[in-house]
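Attaching a single structure in structure tokens format; questions to follow.
All chains are identified by letter, namely A, B, C and D, in their written order; residue positions are counted from 1 within each chain.
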Amino acid sequence: MERRFRLILACPDRLGIVAMVSNFISSHGGSIADANQHSDSSTGWFFMRVEIVTASGSFDREQLIEQFTPIAQSFKMQWEITDSSVPKKVVLMASRDSHCLADLLYRYHEGELDCEIPCVISNHDDLRSMVEWHGIPYHHVPVDKEDKQPHFDRVHQLIVEHEADTVVLARYMQILPSTVCDLYRHRIINIHHSFLPSFAGAKPYHQAHERGVKLIGATCHYVTEELDAGPIIDQDVVRVSHRDQPQEMVRLGKDVEKTVLSRGLRWHLDDRVLVHGNKTVVFN
Amino acid sequence: MERRFRLILACPDRLGIVAMVSNFISSHGGSIADANQHSDSSTGWFFMRVEIVTASGSFDREQLIEQFTPIAQSFKMQWEITDSSVPKKVVLMASRDSHCLADLLYRYHEGELDCEIPCVISNHDDLRSMVEWHGIPYHHVPVDKEDKQPHFDRVHQLIVEHEADTVVLARYMQILPSTVCDLYRHRIINIHHSFLPSFAGAKPYHQAHERGVKLIGATCHYVTEELDAGPIIDQDVVRVSHRDQPQEMVRLGKDVEKTVLSRGLRWHLDDRVLVHGNKTVVFN
Amino acid sequence: MERRFRLILACPDRLGIVAMVSNFISSHGGSIADANQHSDSSTGWFFMRVEIVTASGSFDREQLIEQFTPIAQSFKMQWEITDSSVPKKVVLMASRDSHCLADLLYRYHEGELDCEIPCVISNHDDLRSMVEWHGIPYHHVPVDKEDKQPHFDRVHQLIVEHEADTVVLARYMQILPSTVCDLYRHRIINIHHSFLPSFAGAKPYHQAHERGVKLIGATCHYVTEELDAGPIIDQDVVRVSHRDQPQEMVRLGKDVEKTVLSRGLRWHLDDRVLVHGNKTVVFN
Amino acid sequence: MERRFRLILACPDRLGIVAMVSNFISSHGGSIADANQHSDSSTGWFFMRVEIVTASGSFDREQLIEQFTPIAQSFKMQWEITDSSVPKKVVLMASRDSHCLADLLYRYHEGELDCEIPCVISNHDDLRSMVEWHGIPYHHVPVDKEDKQPHFDRVHQLIVEHEADTVVLARYMQILPSTVCDLYRHRIINIHHSFLPSFAGAKPYHQAHERGVKLIGATCHYVTEELDAGPIIDQDVVRVSHRDQPQEMVRLGKDVEKTVLSRGLRWHLDDRVLVHGNKTVVFN
């Protein structure tokens, strides 16, 4: 039997990176099942993702990491090696809207998402039955509007307890404190509506209707301290017309949101999203 | 032989509008070739576009207008009747970028746009040969950066002289004075790039590249006094990736711009775009 | 309180149809909330859909039908009047694949589909739990490959017993006998994969992969006697690449299938799909 | 100054290909500006495209080819090395329809297509003026319906005389003889309309209208002996409705055709399209 690992790396571009990496792999009896590179001419950085196949027993992840470390250091790489057979642990967070959560749970149930979902956390109890039908524990952690800290403390504790690699904000309508954002940097995925032009403030779909836009969209991004300004993973839009009242726009917007979120999460789970500065390289 | 007229109207919604309009048409021996209605529940306004077919000789536009006026007044309509056999006169304005102009000229040449193009006006002389190959007069009206008024005066004069119904800003990079905008209200069409999120300031494609957006788009709209904030006619986007440097984004953006502009103009020429407040109803 | 009815009609085009219809509506104190017309110049047929609003108590559907009948006859109309407050009864049929069924059940659960789902029928028992979680009865009607007639008899019986207006084949992998197709003409909706070019025979996604197509799609249509050749309601496609193995294409194909099916069903439930000959007019 | 070469290769997949290739490049002082690989698990073939940057003067294409040959042989590669600074010579062929030709000429004129166009060949004289405006020689080679061979002989002669690397059939409505197809294998690009489902025979847009399809599309492919069955480079579709008469579908179809053709040609010019068997790997 064979084993598969994924090596992702970003470093300043220079001569011989690919040769060094591919030599490393073949000298360890591995072969390259899939590889992507990208040289960003505007920043001078180099990005790479390699799927490595090795014969079973020959290697484990720790050995690969140990032996790749000197190479990585000499090239000043930001890098990671993951074992494809170890699914990421993904904690889902939701509020009352079910569209993103239901879509992710369905895809998980059908084996479309290569991950484990140890639990769902919500500040409301509405979606418990849907989650529990999928055999996943549901944690209702209410928010006290006067003092949100106990909520966030409990959320943080649950994320840690469930050893989450990744947190997905599936229409979780709270703003996570920056302490949590920092701890799970580039590992918290959010989805939000997007318009051309943008609309600030409340009721964006009503504003979009008011403005008579012809497209509404959604953006999936990593959460950073600055609200909705983190590295973008994916975006999409859907066409609307004068016939669409705000509630229709909301319905169509939900479809785009869930599509973009599940696509972004899928790429993240496959280690296809590399972040540099505030932007992503997505090897999809 | 038959003749065709188009009646477009907007008025506060109330009982019996369609009955009144369709009675008017059939009592004058006309039939309805195509009709669209829209009731906007949020504003309480009603919109309608009717293509009327009459036997030749039975009617002319002036008679229709005269006889429809009392009905229109009783319903407080904003309305217009156009003769489908009389193509609109469209003055195109450009600067140095040729993509939108070339696309419109090609479609005009192929008979895809039901209009006359009496002339092209530009603040540069670069595109003269392309325009003149199509048999269209080219007016080079330079801009003096210190005093733009003479430019705008001459532009205005040319528009009037050529009896333009419609002006298309096909990447004309100047901001028309509000006096002209007001005179040709809902008859000046502009195209501009659009992003999710929006970017203010210079070099928007560079900003979009910097931000790592995954979609870039374009918006076609009627020009109003407030820059790029007029009623939206059409929008579209194209997918980009980390591989696309700013110049690639510009190239892809040009394709979206010309597509959206020619589509919007086409609908305008067919009297399919009704404006109410700052938004459009597009019966496409 | 107000009531809403929908009048849909198709007839040979001639003078005065809209006037007659709108007079009928206004003379009965109704107003037109929404209306669409279409004159098909190639067939000479006229199509119309009108949403009629009346004051509550003033009218019921039977009265409208009775009084409209003479008009309909004089214009040789194929027509129907439905009461918007009476949701259609939709029987869902499935086999083992859950993607379409799960999507429809979710949208039903969220109130996005204006219908009742009296039951789900399947030739397998796999999806029972998912269906029953939604509070909908599940009928497992096995198929005997040697003699399918008892299966179809029972299916037919269940459709009748549940007074279905509409039957949706949500990846039900059996071919309904023509007797059933005829009885529910233009009321059985199917979804199937579509490619450019088309592929006949088994394993179409493998054939598409073999051929190296760049788009895969789905078509939603009314079931007629001739397999997959009924009137098309909607179609869509998704982009694939050389990286997509057949199983990836299947996964992406499922997403298109469910999107197109739910959109087509939605339009059907709103009486927006008019059929003439083997093609549809969709007033969406 | 630097020079750029492109190495594209396809071979049976085995251990060490990437290592060997990247070693070859770095040992010759080259660096990898861009690289794509693809392992096709269903066929067991490996595909690669590398953009190599070398310091000017250090290497020329012939030296690279000579020194890479032994490696290529040991891996049984189908391969090619091109010099990015040498644009391909592309002969365009057209008939009467101008949409694809005009689009390609415009993009060529704007510097969007990295190629030379030594001439345009057509069996009609209609498009001479458009082509000559772009400063490109136009060869009118009429077709005698009774005996087409002289036409094809002359066409072949012109292609050879102009040293074409690539031939683009921009709506050239003749079927090239298989002798020519064989000589320019995977170097003749064609565009044709595509539908879901497919339609055989004449007037496909009328058939599509008759069938009430909701999407019409276009396929760009390499020409092989079997008509319209060669390796697909790109495909796209556009939405149509019951309102679109056949002539409208033709107009919309033209837009898709020119978009898909110019995109496919662009990828071909950048050596991004690798062919294996009857399908393509497109590293776009």
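Please note the rule applied: contacts are C-beta pairs under 8 Å (C-beta built on N, C-alpha and C of every residue); 3 or more make two chains touch, one makes a residue touch a chain.
None of the values given here were measured: they were computed from a predicted structure.
Enquirer: Measuring between Cα centroids, which chain is at the maximum distance from chain B?
Expert: In terms of C-alpha centroids, the chain at the greatest distance from chain B is A.
Enquirer: Any chance you could check whether B-D or B-C wins on number of contacting C-beta pairs?
Expert: B-C
Enquirer: Regarding the chain A and chain B pair, does the interface count as same (over half of residue numbers shared) or different (under half shared)?
Expert: same
Enquirer: What whole-number Å value describes the gap between the mean CA coordinates of chain B and chain C?
Expert: Using C-alpha averages as centres, the distance is 37 Å.
Enquirer: Roughly how far is chain A from chain B, centre to centre by C-alpha average, rounded to an integer in Å?
Expert: 41
Enquirer: Mark out which residues of chain A touch at least two other chains, giving numbers and ranges.
Expert: If we look for residues of chain A contacting two or more partner chains, we find 38.
Enquirer: Inside the complex, what are the residues of chain C that reach chain D?
Expert: Where chain C meets chain D, its residues are 38, 40-42, 47, 194-198, 209-215, 217, 219, 231-237, 241-243, 245-246, 278-282.
Enquirer: So in the complex, which bits of chain A are touching chain D?
Expert: Chain A reaches chain D through residues 13-19, 22-23, 25-26, 29, 31-39.
Enquirer: Give the list of chain B residues in touch with chain D in this complex.
Expert: 98-99, 102, 106, 110, 112, 129, 133, 251, 255, 259
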